[in-house]
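Order of writing sets the labels: A, B, C and D. Residues in every chain begin at 1.
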Amino acid sequence: MFSFELLLDAVVIGVLLGCFYAAVSLGLSISFGLLDVPHVAHPAFLVLASYAVYFLNEHYGVDPLLAGLLITPLFFLFGLFAYRLYYETFERRGSDAGVRGIAFFFGIAFIIEVLIIMQFGVDQRSVTADYVGKAWRIGEMRIPFRLVVAFVVAAALTILLTLYLSRTFMGRAIRAVAQDQEALRLMGANPIRIKQWAFGIATAVLGIAGALLIIVAPVEPTLDRTYIGRTFCVVVMAGLGSMSGTLVAAIILGVAETVVLTLFGASWAPAISFAMLLGVLAVRPQGLFGRRS
Amino acid sequence: MKRRTLLGGTIAVAVLGLTTAAIGQQAPIKIGMSMAQTGGLAGGGKASLLGIEVWRDDVNARGGLLGRKVELVVYDDKSSASETPAIYSKLLDVDKVDILFAPYATVPTAPLMPLVKQRGMLLMGNFSFQVNSKVGHDMWFNNAPWGPADSWASSFLDLGQKAGGKTIALLAADQEFAQNLAKTAREVATKLGMQVVFDQAYPPSTVEFSGILRALKAAKPDIVYVASYPPDSAGILRAVNEIGIGDNVKLFGGGMVGLQFGTVMENLGSLLNGVVNYNTWLPEPQMYNDGTKAFFEAYTKRAVEAKVDPLGYYLAPYGYANGQMIEQAIKAVGSLDQKALAKYLREKTHKTIVGSITFAADGEWKETGVVQAQFRGIKDKNIEQFRSPGKQVILFPAKMKSGDLITPFEAARK
Amino acid sequence: MAPGSQAPLLRISALTKRFGGFIALDNVSVDIPPGQRFGLIGPNGSGKTTLINCISGAFRTEPGTVTFRDEDITRLAPHIRTRRGIARSFQIPRPFRSMTVAENLMVGLDFAADTSVIVSEAQRRDTMMSILTRMGLASKANVSATKLSQVELRKMELARAMATHPKLLISDEAMAGLSSSEVDEVLDLLMSLADQDITIIMIEHIMQAVMRFSERVMCLEAGKIIAIGTPDQVMANQRVQEAYLGT
Amino acid sequence: MKRNGMYFWGGAALFLAGALLMTQVIGNQYPFFACYVILQFIVLAVAWSILGGYAGYVNFGTSAFFGVGVYTAVFLFKATGVPLAVQIAAAAAVGALMGFALGLLTLRMQGIFFSIATIAATIIIETAITNWRYVGGASGIQLQRPAVMAPFDNYVEMLFFVQAVMVVLAVAISRYIQNSWIGRGLQALKDDELAAECTGVPTLRLKLTACVISGALMCAAGAPAAMYLQYADPASAFNLNYSVSALAMSLIGGTAHWAGPVIGAILLGVTQQLLTVTISSEVNVLVLGVMLVLFVVAAPEGIVGLIRKVRSKRNEGEG
């Protein structure tokens, strides 16, 4: 069964798949990684974005990526609103949003699931575009365009977010708020504003990520449940709040999954990636690229 | 819109009597079941239920049964095994239903088999797979065209062998139904003297199939037998289209769940071409029976409204047929005596909209009614095309045959 | 009282603590004899809090050793060190917010009380009340910890530390943010504790208070000891004046 | 204190006597099926709350423990056919071991990392069971119940009573922990882990203890499910629903008091059973979602917190 050629193939596909995982996890890397919001509804927001893209594609023939871009402003506003709600409910009242925050977002996730079902039914949906269903030939290797798109978008998003967080005033403020909220307050900035803005960005990114999700594979209303583990796994493995770390961790995950799927017992693939996460947590709790505590 | 769906779902059960209020003063005949309305099986469950509801309205329009109207009592089992025992206990002990239908699919059905057997109730099965083999309930009638356990795999592998196939690759989801299919396929392959060159179970959460299909391709099989679930079926076909499967593959498909559902077929469009897959009903001329056409007219109208599968070929007519069989049995027996009804169902052949049905001793169809058909000339984004004959050419069984297999797979895809 | 004249209560030898590339403590060695009132000063980020985190066990150190009452405690978990007799307060108060003041103290009594003296639940309650009375918090016993004023919180932290019957008490800026009369209040409390044979390490920014309180003072800068001696000696030190006071 | 204890044990005895009487008097089977499920959720919620409520460590892996309980019973039953009590005891032992291992590996991490580690563990264990052919693998396994034991004339009635006994056991353990030094230590470390350590609380050991007890109870709660369903498949046994429900029930009831999860489980469990047999559609999921959001927003301390608030208001009014 084993051959070098297959391994190479698996690694290439794994890297691309990993990029896709990174794209769907980047938002969480901000909201959970930097802002410490236990955002278990992140994947539900993601699926919601996919359905919005589906709607635009199906009824108005809008290209899915363009549709993803079109909905980002809406998702940004949605994020602002969601954070406000979260803040008023938890952070303002002081300590320990932990358990209740998780429950809150679970509740939101369920509500989103049901709203999608009531609007679109339970059947799976997918989009059409020129780059869906074609492949790129390199010698014997063939690479699906879908994954190339995912790769490009994920890379662009990572670079943009990294630049944004390191080069712009707002971005630096976001990173500062993650490290020391008090210091920022003393400097005269309003940490809540900044966090709200950051959450808005984290949610806006989901617009494009949602487009990728439905480009890569069909979606169904309860798809978010499988992505809870996957996205949190990526973000934690990366180390909280590191954008480039998120990309690398997601690629490691993608490669591990694909190599096991292709060359070893396929049915063990999910166990392998999560065992890696446990291993990382046990040895290096701050994640592969985490800031020190 | 939202509210209407909601009310539709909730009130349907409650006020279904309105249209048929004229029928006798006696208490209605209650038929109880659970059906997946949420969770992974909901797509099938909703279509199946709609099929049964069409029958209920038909039978009530004809004056009901034994002079009593027919009423359905339906609860959501959330696609899970853990809900059904309590639900069926409620149906039996509180609602005191007269007839039991099983929920759609194996997992929710398996836990209630012992209960139903213990209570001596007749149970009409609904597309579960070999749930009675251990329990041995003699009043179980699984209205699914599977037939004998190995007939499904052998129908597909026979086709492959006739096309000159000697090696086989098995790709199955690591879930209950698909694993059962893979198991029988392995046995049949051994019997036919075929060599299994690839045998993998992929996890249900798999996103990307390119990698695993490359490995499959490298094994150079003649026949590829795929047992998959709806989201995976789409993912697998896409990956096949993108990275190819190799020129030596003569036959591809077999047990892909999802390629029977309207929205999935519509989404996949031309990617379906060439795939040979199992079906339970197709709009080919041979498959029409008494009442089939009328059923689909009624179903199609209501499916759009209820946001369920607009085609409904897979499950809905069998739901209707379940009703027909019970209708015939009750009319012939003249009472609701479970033993007598079971005796009738076991001994007679029943004419339904999905054909004539005879049950074997274990409660499965005596002969398989599964058809293997090849997709031909499918275009993208058009659901209506699937309503016309010739799009899915039946290759098996011989008496239903409406065309010949085109091989190899890569050629058939064009 | 010159160092070395008596077996030290606490001995820190060659302690180094790194965070990534940053050296927070660089080869620090010091002995603290029993009963001493020891002041620890230094500019922000000089390693004061890091040092007490290493003593109380919140940080593991490598290399270097911490010896307490002739026992090497370098590898012991914080709660064991507490039971051995090292108690501390925090720079920013960390009360158990879901508990009352009395319950806060009961945690210490439940887990680190002197079991040779205190056996019964009643004794625990008595001890708790006597500590609270001494700290002037008796009237607040059944008040939620979240409802305390700043100075009460500081006192409660000291009281909670006292509940673990410490031999060594580390007070980490217990007077920060207090008014001058409140500073005096806390200072008097610490003095009275010191009179009861408890060795006290006091970290403080309020120079007057440190100088009044301490018998011996150590000044850290960038993780290194730059001066150690009597308050007067340290105050007179050129480098201390430059690093700490000087502008 | 003492009088409280007498009331508690009196109430527990009354509850068990009532449950036993029910099995002897009521002929209709449905109440036993429905109540079994509710009782099972009470055990899960109470067990979850020992770690999640008292210590504040959110375990997302309730379904992992539950599923392991189910499969311990399946394995033992298939391999040796031992009676139900042994299956449950074995499941508790396996659960304790699993809690210990998982705790040792993950409890050094801060709160949310622990939660994520439990998700990872759940997926790994589910995958392992899915690949274990002996207990049916992915296709599941059907089981035949043995004969029922006196004084019960029906197996489900017996399971119902067994689960009732486990409820009493779980609640008694949870109540003991809350009122003992363990509870005080857990509460302290929930408030502030470093401060707790520096006050002498052996945080890791207490967390491990809580995790072991919680795990043992969750596994024990899962064990009878094998005989209840007479069927087991990984997808149902490891359903995310168990994790979310245990968490939701504890929070809705309130985590500060042992009675919280009990109240929450009864409220949510009964609601879910009622919804299943009334509305029976996706609205079911919607209700759970809305209840979760409403409670954490409007009643952050759960029902127990509401009751306390009302009481203290009344006291203030009088005083």
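Annotations for the structure displayed:
Basically, a contact is a pair of C-beta atoms (placed from the backbone, for glycine too) under 8 Å apart; a residue touches a chain by one contact, two chains touch by 3 or more.
These numbers were taken from a predicted model, which means no experiment stands behind them.
Look at the CA centroids: the one farthest from the centroid of chain A belongs to C. The chain pair with the larger count of C-beta pairs in contact, out of C-D and A-D, is A-D. Chain C has its Cα centroid 45 Å from the Cα centroid of chain A.
Centre to centre, using the average C-alpha position, chain A and chain D are separated by 32 Å. Chain centres here are Cα averages; for chain B and chain C they lie 73 Å apart.
Residue positions 6, 38, 42, 174, 201, 203 of chain B each touch two or more of the other chains. Multi-chain contact residues of chain A (touching two or more other chains) are listed as 117-118, 265, 267-268, 270. Among the residues of chain D, those touching two or more other chains are numbered 127, 130-131, 138, 282-283, 285. By the touch rule above, chain A contacts chain B in their complex via residues 1, 3, 5-6, 9-10, 13-14, 17, 20, 115, 117-126, 128, 132-135, 142-147, 216-218, 220, 222-223, 226, 230, 258-259, 261-263, 265-270. Within the complex, the chain B residues that touch chain D are 6, 9-10, 13, 37-38, 42, 74-76, 78, 80-83, 85-87, 89-90, 92-94, 106-107, 110-111, 113-114, 131, 134-135, 174-180, 183, 201, 203-204.
Chain B meets chain A in the complex at residues 1-2, 5-6, 38-40, 42-43, 46, 174, 200-203, 205-208, 210-212, 214-215, 218-219, 230-231, 234-235, 238-239, 241-244, 258, 261-264, 267, 271, 307-309, 380-381. Across the complex, chain D is touched by residues 56-58, 77-80, 82-83, 87-88, 90, 94-99, 103, 106-108, 110-112, 160-161, 163-164 of chain C. Taken in their complex, chain A has these residues touching chain D: 32, 36, 38, 89, 93, 96, 98-104, 106-111, 113-114, 117-118, 225, 228-229, 232-233, 236, 265, 267-268, 270-271, 274-275, 277-278, 281-282, 285.
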